[in-house]
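What follows is chain A paired twice: with chain B in the first complex and chain C in the second.
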Partner chain A sequence: MTIMECAGCTLIAYGVPFSMFVFTIAHHPFRIIISMTSAFFWLISLLVSSLLWFAVVPLRNQLAFAVPFAVIFQEIFRYLFYRVIKKAEFALQKVQMQELTDKGMVFDRFAVAYAAGYGFGFISGTFAIVNVLSDMIGPGTIGIFGHSQDFFIATAFLTLCIILLNTFWGVIFFTSLDKGGIHRLIGPGIVVLTHMLFSCITLLNRKSQPLYSVSLAVGYSLLIGMIIYTLMLRGFTINNIRQRMNRD
Partner chain B sequence: MTELLHSQADNILINDYERSDVAVLPDVAIIQTSTTGENVSSNAATASSHARVEPVDPQDHETTRRHRRDGNPEEQRPLNNDHEEIFKYGASHVVKLFVPVSLCMLIVILTIKTTSSYTPGGATWAYTPFTEDKPTNTQKILFSLANTFIFMGFVITATVILILLYKFKCYKIIHGWLILTTLMLLFFFLYSYFSSISASLNRPIDMITICFLTWNIGVVGMFCVHWKGPLRIQQAYLIMMSALLALVFYKFLPDWTGWLILGVISIWDLIAVLCPKGPLRILVETAQERNEPIFPALIYSSTMVYMITAVDPPAEPEFTPVSVNSTTAGKKSHHLDLSLFEKKQFILVNVGEPLTDEQRNERATIRNNNARRQLIPRADVPQTEGRREPARYVVERSNSPVPDDDDDEKGVKLGLGDFIFYSILLAKASALGDWNVTIACYLSLLIGLCLTLLLLAIFRKALPALPISITFGLVLYFSTVYIIGPFTAELSTGQVFI
Partner chain C sequence: MHSSLFCISVFFLTFLIVFTQSTRVADQMYVSFDRARYCVRHLNGTHEIGCQSSMRGNSGRMYMIDNENEFNSYLKDSKTIDSSNSFIIALNIELFNSEYVDKLMNRLDSKLNGLVIYLKSNLSRPKDFSHDDQCPNHRQSYYLNQTETVHWNPKGTGLFFRSFPFPIVLLDEKDDYERLDKFYRQFYNTQSSPTCGLEVKAFQSAAHTSKTCMRRNEISHSLLDAVDGFCDPVGGLNIYSKLPDSLTLVPKQRQPKSVVLILATTDSFQMFLKAQGTTGGAQQPATALITFLALAHVIGQEQKEFNKQDKEIIFVTLDGDALDYSASFRFLFDMNNDYFPAGDKNEQRIKIEHIHSIIEFQSLSFSNNLSLYAYPSSPSIINETFIATLLENNPMITRMNANSPLPPASSQIFQQYNTTTEFSQWIKSIVEPLAQTLLDSYVGNNITNVTIEQEIINNLVYCVLKNVNCPLIHNVSNQSIGNSFDAFEQTSLPFSINTYPTATTPTFPFVQNILSYFLRDREYDKQNITETKCLEQKNNDTLRLYRYVGGYAPSIMPEQNYSGYCVRSYLRYASSSSPAFSIDNYDLSQTTYPAWTESRWTTFTLRLFIIPTRTHEIVTLVIGILLLSISFIVFSILRWYVKLDLLQPSSS
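Let's turn to the complex of A and B:
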């Protein structure tokens, strides 16, 4: 039974991201490397946040102190990764593009933004859920001593939410910075604000009788909002979509 | 063209004593003779004969292209080519190395998690004689340091012996050593692996089945690794051997000793490859002077290679120095493929040359690879010996007449020692049971590998594969265990998502 639960939660949390990987990233080595590097940057940002949490000893139990800083550090490292990508692209532009195109290596900004967001999200979700999954597969379950019985399934859905949110945040962040102008402030601003909102709402999960429905509802509505904003940034409008649908 | 002929003549003269074993044959014949066992010992001769044959073939447009390009000095290459080549064999080759490294680590971790016989503790072995059951931490550190120095002593001795053997041209000894190592690895370790698996899973297996399995797998392994075989099977055997060896290491290395050894061996790798008096560098330079390919030893390569690689591993089971075969058309100024692999692995980037996968854990194996196509000149293919010595990278220069549209031929080589030490690091990281630590170390190892390949593409000379990855791995291991771990545990308990 525990194996079933573990398998179910794994598939909930990783089903969509794994399909995304298989269909969009797996056959493009460049995107794999971008995702891994972006995951590494997230890991470093987590290290910095943990150092801060570790250093401020008296506030270790007050996660409300550490979480906003963690969010801020993550976004700072996302921006740093953007700068690194820009430098690499600049170096690549010196290369003769023709041969690259022949080899199928095109510097696709959207793909890079997507892969970067995906990397961030995947490692973020993994660090949140993988220990829970390995505990889940052992004997016993949760909820016996008055704790909420929805711990596992809420974790799985929240993990899925954060992986997808991070993907879209990555796209919004990079695309807005590329666009320039007012978007340079709006895009990253929206990302930081929604990230902070989501993380602080999940702080509510710490209560002894947690209301997972609040975090889940907020998380998924934020996700829908991010999807709509991404589509707007990429130039899709209602008319566009309608035309496409009528064409097919 | 004349310079090419001149260099061919040089090859002939240098390797004259070895040529007596192999007659000068046309391409087809050479391929046939290379399939015989004799060629194992006369790999150098065949190498030279191959080198001789290359320019003669008029139908080989690639060699003719090569001839044309041989005239171009290096400086004529525009700067763009550097960037192109960085990017050409960039992403897909990095990923081609990610997959086998990940597979090896996966095998090791699965074995450790499912069986209990590969956990540390219990018997000690001769290379790390002191145990760590000491009362105080200071004593533990002292004895671990002693263990580390003894271990490194063995490594350095093996490397030096290999280099001496190579310098005094005792190729047969090296070949024999290599074959013996692979034999022991494939039969004895495999047998003990099967026994441990059956014991841990509580499933008795009769002696006949185990002997049958071991014999078949071992013999096919010997063929594939030392001689010819399908590429995937070669790669699979090399990965399997690395995993077996990493498991043995993991079982016998005490805890603190293991960490110290990982650190010290990265430093040794760095010194041996990059310092002017470093043993591996001497090996590479000697091979360059003689215009011989270094023994291709345990090296994992992602494509087929045409050349006959001789592997020369030292008899030391754990450490097989890797000699690098630098095959050039003659002049050093032409592409030099050096893969120097000491005990470990080195990464070779072959531009346009199919590479054979040769891997062996510790000893260099001599390989005679039948060229699939006779088009690619031998000189373009680096031969490397892989041993458990620190890995080196070898970069092929862009002068090689690699057809630009032939991405499949470009392969990357990584020494087996790198596989082994990466897997050991990850096995130790997973011993705690915390998957965050394992994933953090895995990611850092791969990113280190990525960075090393990038540096390889930029600097275009032999580079060690271990230092960057192991440094990242160690730093992230200790920081994840002591700093990130408690933080994420606190977050997970309350289901707070940052």
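Let's turn to the complex of A and C:
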């Protein structure tokens, strides 16, 4: 009866992103489109990395070779998506339709960055967990060969971490590029480096006695770091927040 | 800079760590047993027997019972039984009989989801493993005046003929038991730790009775290609052969009591079928078949003598008698409907009145006592001289009292109409006296000391019991179309229940080739004929078979030594499925003829895995639900109280 386990892990991985979707993206058609397109860009990046993996025949079994390149390709496509968004924004500004503005169809850069990051994250997480979920539906669970029983829960939490991290990376990436100046280098640089760090840490999970706590701890601390950096980019300082709280 | 250095070092560190091949998670979760044997469903006119699983497979907690003590303690252990609502019991093969199975079924009731029978090692094979009834084929007993039921097969459990609501699997490969035991011991601890579970998939398409199933076969599923039948009638081929010159051709009339039938069977009982690969064979039909073929060789050797007299000696193999004598019924049916012998109408048909006697090889086992059962159609017509000669020629045989009940034998069916190594040496010692007796009785010339080359018997034993892909069969069959026995390298000749249309069993081509070769026209051995000329003979002679083979040396007179030989022989075969399936508008629920069918199936799998503990499952689910609800609440607060811009609904 591991239907329960499967349902549980699905909820763990997709519970928070689902709420995010319902509250921030569902009522906004523009953001839905951006998320879908962003997901598509991620898929293309995966296609390119798999072509590279396929081409380098002798290293096919060494996942450690493919992972950094996958990270690099994902970030390249995130940048390409940014360029596409820029062009769309430019075209929309040229049109300058008053009716659209009245209806509230403004080009909210932050929301777009957020939706782009969310799309990337959602599809990335899905690819990480869907195979595992489908194997979970059978009558058994992992463990007959001595693997840890926590594999499924750890995978679900890691997937949640990936989805959230990607969302914030999207925001950081786009916002930094928009700000210009030194931020054009720092922002994307931090994103690439933390992404690389996170992916390489998860490679540790492939040992026979994996320490899921290491990758989970690293992942979630990176997430907290990303949240703080995002808030800093958006102009929130400790004082700002205190003022806002007092105002309400 | 620091973080990039850090990452690079991490990268190299992970590079040095040993990586496994990237595999699917499912490969790390399940252990499959590919060489297991499964019990399948058989149907007859009124019932279904056998076992099956549900379509998605039967799974349950595994519990291993090795001996009687463990069995009894398990039945009393309510705590274990209540801990799970489905079990698959791994049972030692010694405990597989109706007593234990019934007790288990009564105690567990619907919780018993499957049985896995294991054989610990080849050295501890049980002495008896028969799931036939104690009186086999007792439903079709046609003895005149015999009312008592004799237990010919006292070790028979009769389990084959019962219908089980769960699947039963047999593991008889050595390392399968070891794997099963290893994993079971690893995880069989207290209640709190995860336990082993098993899943069996053995879904059978057939259900209810043969009548229902055959009717369903006819319903066309034109849109769905996948399902094109639910069951197949049991039956294979009845093969017969005789000396190519002992034919009665139109317009010559056949004399009454001029045909002698020599019978053997090519099928045998099998409760557990193998999913892939060939099934093993029982010993019983093998010995009889070897003796049968050796006798054919002797007759073929002495064909000059046998051709002088007017009795036709026909060698017949029947396939399908294990289940209610289906093949014998079919043979008799063919005889009554002018279909024996099949083929060219220029040969006179044989009917019951033409049969002089029937000699059957059945249940031969390697021992020093052979029992001879002679059953006359009426007490006065028994051929005393034949039997006397036989007993004289072979001191091993003891004659049974005419009143003693008859063993199950295919020739029984003919009775209902009142109107005939150390091991190869032992076979030789049976065949030679019998052939001698046949010669003495029918030819009469007192030809002394008929012999058969020991080598021929040795080769037969090798082919049938050890390796079907043997030199003998290559030398007697036409190899120009390729070797059809390659797939059966190093397997013995399989004897099992066949279905019609026949699967790729090598038994029929084997018997056909060898039988027809042994009874061939020996004159052709002396002639050096080319292959094309050999095949041309076919055009002039529609009654016999011509083929070009390499030639089997021990059977050929020493003077002749060619690279290839033309074989002129007589061979016929006919479907041996019950007449119930060939008669138009026959109601399959009638009991006139047996109507056995075997179910079709798609997959057979057996897997072992870990079942998670209840707590673990519940904890996972609860965490998931908590995360979802908490995030919902948090976002609601952020939307309506903190009023974040991002969360406000709008149309952009």
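One rule holds in what follows: the second predicted complex is superposed on the first by the 246 of 248 C-alpha atoms of A that agree within 3 Å, B and C clash if a C-alpha of one lies under 4 Å from a C-alpha of the other, contacts with A are read in each partner's own complex, and residues count from 1 in each chain.
Assume contacts are C-beta pairs under 8 Å (C-beta built on N, C-alpha and C of every residue); 3 or more make two chains touch, one makes a residue touch a chain.
Keep in mind that this is a model prediction, so the values were computed, not measured.
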| item | value |
| --- | --- |
| Touched partner set for A:P58, first chain B, second chain C, both or neither | neither |
| Which superposed partner A:L203 touches (first chain B, second chain C, both, neither) | both |
| Touched partner set for A:I32, first chain B, second chain C, both or neither | first |
| Contacts of A:V132 with chain B and chain C, given as first, second, both or neither | both |
| Touched partner set for A:L43, first chain B, second chain C, both or neither | first |
| Partner chain(s) touched by A:V71 [first = chain B, second = chain C, both, neither] | first |
| Which superposed partner A:F145 touches (first chain B, second chain C, both, neither) | second |
| Contacts of A:S19 with chain B and chain C, given as first, second, both or neither | second |
| Common interface residues of chain A - those touching chain B in one complex and chain C in the other | 29-30, 63, 103, 105, 131-132, 203, 206 |
| In the complex, chain B residues that touch chain A | 79-80, 83-84, 87-88, 90-92, 94-95, 98, 404-405, 407, 433-436, 439-440, 443-444, 446-447, 450, 476, 479, 483-484, 486-492, 494-498 |
| Contact footprint of chain C on chain A as seen in their complex | 1-2, 4-5, 7-12, 15-16, 18-20, 22-24, 27-31, 61-64, 68, 103-108, 110-111, 114, 131-132, 135, 138-145, 147, 149, 152-153, 156, 160, 193, 196-197, 200-201, 203-204, 206-208, 248 |
| Chain C - residues contacting chain A, complex | 3-4, 6-7, 10-11, 14-15, 17-22, 24-26, 28-31, 57, 59, 183, 187, 194, 196-197, 199, 607-612, 616-625, 627-628, 631-632, 634-636, 638-639, 641-642, 646-647, 649-652 |
| Partner chain B, residues of chain A touching it in the complex | 29-30, 32-33, 36-37, 39-40, 43, 46-47, 49-51, 53-54, 60, 63, 66-67, 70-71, 74, 91-92, 94-96, 99-100, 102-103, 105, 123-124, 126-128, 130-132, 134, 151, 154-155, 158-159, 162, 198-199, 202-203, 205-206, 210, 212, 215 |
